[in-house]
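The same chain A turns up in both complexes below, where it pairs with chain B and then with chain C.
After this line comes the complex of A and B, so read on.
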């Protein structure tokens, strides 16, 4: 089991490196795509800043605080997208029969799907989110205790893990219906869009749903409440702010189970 | 079903053992607007066979007969519904990953190589993921490059290769990790005559020199005639023939055809031992059993009619197989 996981990661590295070399053979197109993604996501945040020209706060949060939420969510999604974004092409691979070709290779299927068409151009989104996040850290008026400082990398790690689980769940869903990638996008990219803003702007029901049903709130909202020293609008116990690892673990276990069931189903139906 | 091959090999258990293998699929059919019925289809229906190390076996049958389903079970892609299956000593459905290092698979219609990568880089990635010994990989690469004439193509991205070139690349890729068994699904489909010939001689060679066991599905009966000492015919999920190619001809159904061009048009020729199958102007087609001699028939025709030309057609394996399919129905 451990051997298999280690081998999967090594093979992932080999395959991802291969795709990087492929993209480097079209260097101009790589630069354009990366820059394009940087600019498109950049415009997104520009819209938020423009909004702050007329209002002082959004859902009770300042521009710097919104930037922190925005950068955190964007960075987590960007990293997850870089790590396994193309796993959403599973349905297409099944339809074309190329998934069968993966099954005759000595590499775990998850590692092969995750690394498929690994795209370094996704660094565009990551860079943009990092720029916004770092800017917010500089201008935020926060008492940086050790606990708060450590919560920033912690937020990135578990937030990414949550998005990775959503990507995997969405892909696993495609073992049942090969057109499932749009539904999956609603959770990943859609979830990111929601989490970019302070959840105080949404009705309580939405916040509850994002906590208990689709736990996107654990990506950045709850850890950020701790870092920014804000009260929880739902009034949940303080431990919720540190529950991101629990959410990530539960979601990860669910995703792993769904993926395995999907592979098992594929191998017994062939479609 | 007709069996002519022995079930146990000369040296211990067979490399591939298949016993009563069955794979059913549930097909959902819509009746009316909402209602649906579920129907069970037996894609592979209780087939059994053994293949010994070093054999070259042709696996043929009409589309949808169960060829691909069998190959998918042998490679571990699909799990059987029932029956026993052993490939190189392991159960493919349980040990799929372990088995991948010991088998090579070529899907004729789609490449398993990376579209944008030059062949050389694809091969290098394969070496890493199969963890092939570098020296062994180099030696194989040198040999395959020469035999498959890949020298000029190694630095070309796969997407720029012609179908024949790509197929050669795919076959080299499937063999670089020294597999014991090579499965080929329609390896010569779409290739020109020269490429087909080159490919067949390469396959013969790796079979003889490396003792690689070959199982190939094909629609091209020349593949079978030139490569395989053994043929398995599958239809409707069941093996309808398993034996030598010669044996397939001896099924009592095969006929030879004598084509007679008369000087003048005439009614159907009447001679003993042959029947007229077709008349087209002065040309007539006469069939007679494949094991009968053509000489007395030719003599009788020549004695009774003014003959401009004669030619003899050997039994076509297509016809033999067609007869088998019809019989099994």
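After this line comes the complex of A and C, so read on.
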């Protein structure tokens, strides 16, 4: 079991490195695409700033606080997208029959799909989110304690794990509907957009759903409440703020199960 | 007649991917809901921001979702296919067809837009209407003006996308330019933030650029922000850009024609 996991990770590393070398062959294109991603996501934040030209708080949160939420969510999504974003091409691979070729290779399927066309250019989004996050940390008036400071990397790790699970679930879904890849976007990119804003702007039922059903709130909202020293609008126990690992684990287990049953169920298109 | 046939075939071609359409409608609806709550939070603080009230803003959010695919705000549409054909050389076949190249692809894109309007335009709007209090066109004439405005929006968008696709004649790969165009279009169409919220001179600039024709102009007609004479002016603004861009496309294609001969097709 452990051996297999290690082997999978090594294979992932080798394959990802291969794709990095491929992208470096077209260096100019790589630079342009990375810069493009940086700009696209940058304009996204500019749009939020434009809104703050008319209002000084959104759902009771200042621009710096929203920037913290934005940077946190963006960084988690960016990392998850870098790690296995191309897994969403599963449907296309099934249609073209190239998924069958992966099945006969002596490398764990998941490692192959996750590293497929590993796109280092996604550093563009990661860099942009990091810039916004760092800026917010500089301007925010937070009473920094060791606990608060450590919660920042903690947020990034488990937030990324949650998005990784959503990407996997979305891909596993394609074993059932080969061209439904866009539905997964609602959870990954949609989840990111949701989490960019303070959840106080959504109705209570939505926040409850985001806590108990689709646990997007654990990506950055609950840890951020702790870091920013904000009360929880739902009034849940304080432990909720540190429950991200529980959410990540539960969702991860669900994603692993969905992926496995998808693979087991898979019948080649035969073409 | 020929162009009508091309448009009809294009419509049918896009209609084959039902699961993809359903998935897209779902995603558009989720994003529509998110944006609505953001706008509600903004307009709660500042109830007449940009001359909109909260109902206008919420309606605008759903119109935006409806226009994403219809107007191809993020790019895509038949021009992507043309760019691919330029790279592979298949465009040579298009060039010796006894049909105007621009008209052929425009007809195809209009057919595609009609399909996307009927599915990915209307379906999320119905979801929005069920969940939120929306504003509807005041009367039939406003609805008609809106439809005309959407058609013009597609033509303006086609013009810009066509220019991007034509860069493939020189660059072979138009991915970089396409990405850049998508960035500009996403922001300057007012998809994320309505252009009316832009502060000071940036608003005047943004509303004068062709991207304003994508969403802001049709939305303002739907909402009754521009009506009567000013609505006609807004349509003229769109038509002006449409004409200008199509002429630019024609000029670029004329130049590219020589280029293709040099390259040997």
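What to note about this one:
In this text, the second predicted complex is superposed on the first by the 266 of 271 C-alpha atoms of A that agree within 3 Å, B and C clash if a C-alpha of one lies under 4 Å from a C-alpha of the other, contacts with A are read in each partner's own complex, and residues count from 1 in each chain.
We adopt the following convention: contacts are C-beta pairs under 8 Å (C-beta built on N, C-alpha and C of every residue); 3 or more make two chains touch, one makes a residue touch a chain.
On a predicted model such as this, the values are computed, not experimentally measured, just so you know.
In the superposition on chain A, A:50 makes contact with chain C only, not with chain B.
Residue contacts after overlaying the shared chain place A:263 against neither chain B nor chain C.
Looking at the shared chain after the overlay, A:98 reaches chain B, while chain C stays out of its contact range. Between chain B and chain C, C touches the greater number of residues of chain A. Judged by the touch definition given at the top, the superposed model places A:246 against neither chain B nor chain C. By the touch criterion stated above, A:25 is placed in contact with chain B alone, chain C being left untouched.
Of the two partner chains placed by superposition, only chain B is touched by A:14; chain C is not. Once chain A of one complex is fitted onto chain A of the other, the partner contacts of A:106 are limited to chain B, with no touch recorded for chain C.
Here chain B touches chain A in the complex through residues 25-26, 69, 72, 75-79, 93, 96-97, 100-101, 103, 105, 107, 110, 112, 114, 116-117, 121, 125, 128-131, going by the rule given at the top. If you check the complex, the residues on chain C that touch chain A are 17, 19-20, 22-24, 26-27, 30-31, 34, 37-38, 40-42, 45-46, 49-50, 173, 175-176, 179-180, 182-183, 186-187, 192-193, 197-199. Against chain B, in their complex, chain A makes its touches with residues 11, 14-15, 18, 21-22, 25, 96-98, 100-101, 103-108, 267-270. Listed in rising order, the residues of chain A touching chain C in the complex are 29, 32-33, 36, 39-40, 43-44, 46-47, 50-51, 53-59, 177-183, 185-186, 190, 193-194, 197, 201-203, 206.
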